[in-house]
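Shared between the two complexes below is chain A, which pairs with chain B and chain C, respectively.
== the complex of A and B ==
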């Protein structure tokens, strides 16, 4: 795991072999030329007071070093190998392939224990020549919230649990109801509408989810770099690395990020077993999560769950670098707009009016 | 089902072959151009009521629009991968009943004995069954030009009037595609979402709203 990095040495000689730090240091200090013919330890001549003091102090340093290692080893022995692995692991982005495999193996074992079910955790990387884009036809959306609930099921979000210790319901998509007369007015939008039938007269609906910005403010503020933009444009979160400070939630101008205030309530029979390590794998308590364009599906060539469920076909998804994709057709022939353009977040989520 | 006898229908159907013959003639383009304000090719896309003219030479696609995958091809040769059309198991195939024992009655009328579950709310003042369903081949539809098409190709029939929607459907903007975003796709037919006899979208009951944060313990 750590073998790829050069080991740091306590001495200043820069030598990697020999191990006699004191000697070389001494040689430098006193201007003696020992570099070519260093004397062996056993034949050390009598020392001056200075030299003796220095040797003593170096020995003390060595002693401290060794005792620290011993203490560390003792502490390590006290906790399990698994905890140690977690503690010494790299962030997902910097992991080597064997490390990633080990992580996935550990996660799958954890989930097996927790849900008593085989959960497939994948780490499919971004394909080359792909930049995902999304478009939503506001003239078609009827606000039925089928997408919201399909997303919850697909992405293993925490379900409502009013009887539990803590209710922690999470939905990644929020559908806003707005008045046609007022246009897109976010300050006057209602996400809690619940009439008998939709669409309501005089209203239109605007689903909002992660806009997958090209210039994501959430990524900039993360103090531990647990969130980043992948080469295919999806902004992802390393759930192992997230410290739950929620700076990203403050930075996101779209309110697209959600926090697990409690252990997610995810009944075993409702778990989606097809998961991605950066996407819909069951999350722990205390981490932030959000829409990933269904990374587990889209990196396997499928459409996101919200696109597939939409009963009016308002949602369009595809590779923006492919001139034949639907998303390109929308971008090239419809007048699209992005949310809060003035913030220069450059979303890859476009709204348009198809009629 | 509307049962109004259209006085113009017979006249129209009588002169229709003549009209078509005129268009096929080399002077057709000039004639059409002089009769219409829009150019002949554009009319097929923008003015749906003119689609039965089936222009021979389409102009190149407008700048800024995605290239039409069907451009330059004859309409008949193009096909889209579509799922099975939602045909009623009770009635399909139509030829089970509409066979030699039941010769077609081409008189425009309201059906009182059968198909009473179908209520036509689709330009019912001007249309009736045999405008889309073929009287000779009961398991097929026909275009305004008289060409018969299968139910798998019903988008061509709808596209005759709804030209802009047809154009958008072909490029994937209107309607819905399933399958792979980077591979094989299926294009849902118009009739998978719209009831062809009553195409307006029906309102739906919305799914549960999110819980207000103030109500979360």
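== the complex of A and C ==
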């Protein structure tokens, strides 16, 4: 039995009380490195006494005027160039290689400024002969929500911000608690279960995240083509093109999409710097986001974070086109089902009872 | 040509700036409302849509509800255009212009409500062809943006041509106007149909995923739009001395009675289907009329809508109450309330509650949403007020271009022309 600790994201050491050595060291590191109050970097050249005196004697008004013009011109130049770039930019899907490179350069520079940290934004394309599939064993899942929090960490989701009044925490995975007697019944599901220990007697758990539909209703309704299905089957969102109308969220039958109702709260020391441009890179305010099967990991040959963290091995993932893959083994040997199959969305996210 | 146009614009503008104390007070009030709303929106632009009551479970709310209702008002302009042009009902010719101006103002409000609802208004240009990437024809929202803008342009073209001609004392060019007017009739039907399809095409939302939604949208539009127009006509009749026969008003009211009956019939058809089949999908209808679990706040609105519409039906159906202006106006207000709820929060919120995973998030609009909406209503009313202020005197031949004078001159002070008989 595992203890339910939904708000503990920190360490991987397994300690329940927090404050393990690993965490402390990390926190210390970050405090030293960078973060909110950067030390003066000595960007101003040192002045000789004479020069300093001269500078001081410069009429205040003149100085102000001068610096205002310089700052204004610089701001205007920077602003207009950037705005023009944004205005003339294409959708990510249509970008040429140089355009994509320019975008990534701009994003990395923006993130550097924002988080004072080097963030690696990759644009790894889908590999040929790959169609990702996912299977979840409902008889193993114990509802510990480790997947939820591993996902939050991995994918740079907005964290709870108890101090601000603009609290907008985002979680891509929602775990539903259901009664064994009733079976899979969404109308009776409880996403806010919070007992001392999970699993609760007589209950089972059903994590729901983006089902990566082959026939995705969200893609169909997007008025600006800001979301689409990649060749490897992952439904992605262009965060630079989404207008935030939320029609895709209305159309999604699985409640898989999340909206940035406020500026995401992502403390610099919690940023995952290994990102993908269509996946876990930090998002701006006012756009939609969702699970991407951890595109930044899976296109690099790794498991999604939720698969990796799952303590009971309930989550299976792989290339459905590879006959030797784990996912194929599940699909061939287990009796799987999909959610809301009558809607013809054709999810690539399967559920099964393994035991 | 260009000189004429400038004269038309300056003549109209200078006329819009002159008016009685009541006019100034009204315009000042609307400007206050707009400022109040703009202030709220500026705040929202800064902080994000978190200021609203919407969340991931109920991601559309008051804004989109108002949008949907206003599309209906805009569509209903045809109710006046059809009889005026197709059946040559003399007295309704000027009324048709009023209907079209109402449609223009309603579309302005529609676009306003969509604009404040999007998370990234700075990227709104992505919706348009060439500069953006509209997902046309797959996305119904893309269709909606297109037909709404076309309908707006169409009405602006018709009204400006009619007024431009009247201003210079010419006859309107029927080869230009009549086809456009005829086109505006299917266009009006299309904007509301497309808006209904926007909802009814979503298989994941059973409350909306019904083929009766589009017919019901049209029926309710033909209730709410004329309800506003009937009251407007009475106000304008007093304010401008516009000669509108009682018979014309009663005729519109009679047509409305059929629309109300049709709308209620569609409602009964939906309610029967939901309750008799008694599937999981029933829960949305239950949420509207009875509430489910903690969320019971909507029931009062659901029943208000039904009761108001039923009373309005009786008032419009019985000749005695239809021809009595007091009961007629009571009926209009009730109908307006009924449809405003039905096509606004009564459509959007139960459609999204419970959410697709069964969670009930009891959405209620925040004060912030009401503030921003007030600003948009202010904008629409101001647009309508100013357009009417110019259009009625022009259409009546009171505000015409005097060729040799220094500029356009209004021939009568119509703000006080309460009893003036014109157009007779």
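By definition in this document, the second predicted complex is superposed on the first by the 275 of 355 C-alpha atoms of A that agree within 3 Å, B and C clash if a C-alpha of one lies under 4 Å from a C-alpha of the other, contacts with A are read in each partner's own complex, and residues count from 1 in each chain.
In this text, a residue touches a chain if its C-beta (ideal position, glycine included) is under 8 Å from a C-beta of that chain, and two chains touch if they have at least 3 such contacts.
A quick note: this is a predicted structure, and the numbers were derived from the prediction, not measured.
Student: Should chain B and chain C be called a clash or a fit once both complexes are overlaid on chain A?
Tutor: Once both complexes are aligned on chain A, chain B and chain C fit side by side.
Student: For A:286, using the defined touch cut-off, is the partner it touches chain B, chain C, both, or neither? Pick first, second, both or neither.
Tutor: second
Student: Based on the superposed arrangement, let me know which partner A:199 touches: chain B (first), chain C (second), both, or neither?
Tutor: first
Student: Could you tell me if A:334 is touching chain B, chain C, both of them or neither one (first, second, both, neither)?
Tutor: first
Student: In the overlay, answer first, second, both or neither for which of chain B and chain C A:317 touches.
Tutor: A:317 contacts chain B only, not chain C.
Student: Is A:191 touching the first partner chain B, the second partner chain C, both, or neither of them?
Tutor: In the superposition, A:191 touches chain B and chain C alike.
Student: Looking at the overlay, what does A:166 touch: chain B (first), chain C (second), both, or neither?
Tutor: A:166 sits against chain B and chain C alike.
Student: Quick check on the superposed pair: does A:174 touch chain B, chain C, both, or neither? Answer first, second, both or neither.
Tutor: both
Student: Looking at A:301 after the superposition, I want to know if it touches chain B, chain C, both of them or none. Which is it: first, second, both, neither?
Tutor: A:301 contacts chain B only, not chain C.
Student: With both complexes overlaid on chain A, does A:116 touch chain B (first), chain C (second), both or neither?
Tutor: Neither: A:116 stays clear of chain B and chain C.
Student: Give, as a whole number of angstrom, the minimum Cα separation of chain B and chain C in the superposed three-chain arrangement.
Tutor: For chain B and chain C in the superposition, the minimum C-alpha gap reads 6 Å.
Student: List the residues of chain A that touch chain B in one complex and chain C in the other.
Tutor: After superposing on chain A, chain A residues 166, 168, 174, 191 contact both chain B and chain C.
Student: Touching residues of chain B toward chain A in the complex: what are they?
Tutor: Those in contact with chain A are residues 64-66, 168, 171-183, 188, 193, 201, 203-212, 216-217.
Student: Could you pull out which chain A residues touch chain C in their complex?
Tutor: 87, 91, 166, 168, 174, 176, 186-189, 191, 208, 217, 220-226, 241-247, 249-255, 257-263, 285-288, 340, 343-344
Student: Looking at the complex, which residues from chain C come into contact with chain A?
Tutor: Within the complex, chain C contacts chain A at residues 47-50, 52, 54-57, 59-60, 114, 117-121, 123-127, 132-135, 138-142, 145, 198, 201-205, 280, 283, 352, 354-359.
Student: Which residues of chain A touch chain B in their complex?
Tutor: 130, 137, 142-146, 148-149, 160, 166-169, 171, 174, 191-199, 298, 301-303, 308, 310-313, 316-319, 322-323, 325-326, 328-330, 332-334, 354
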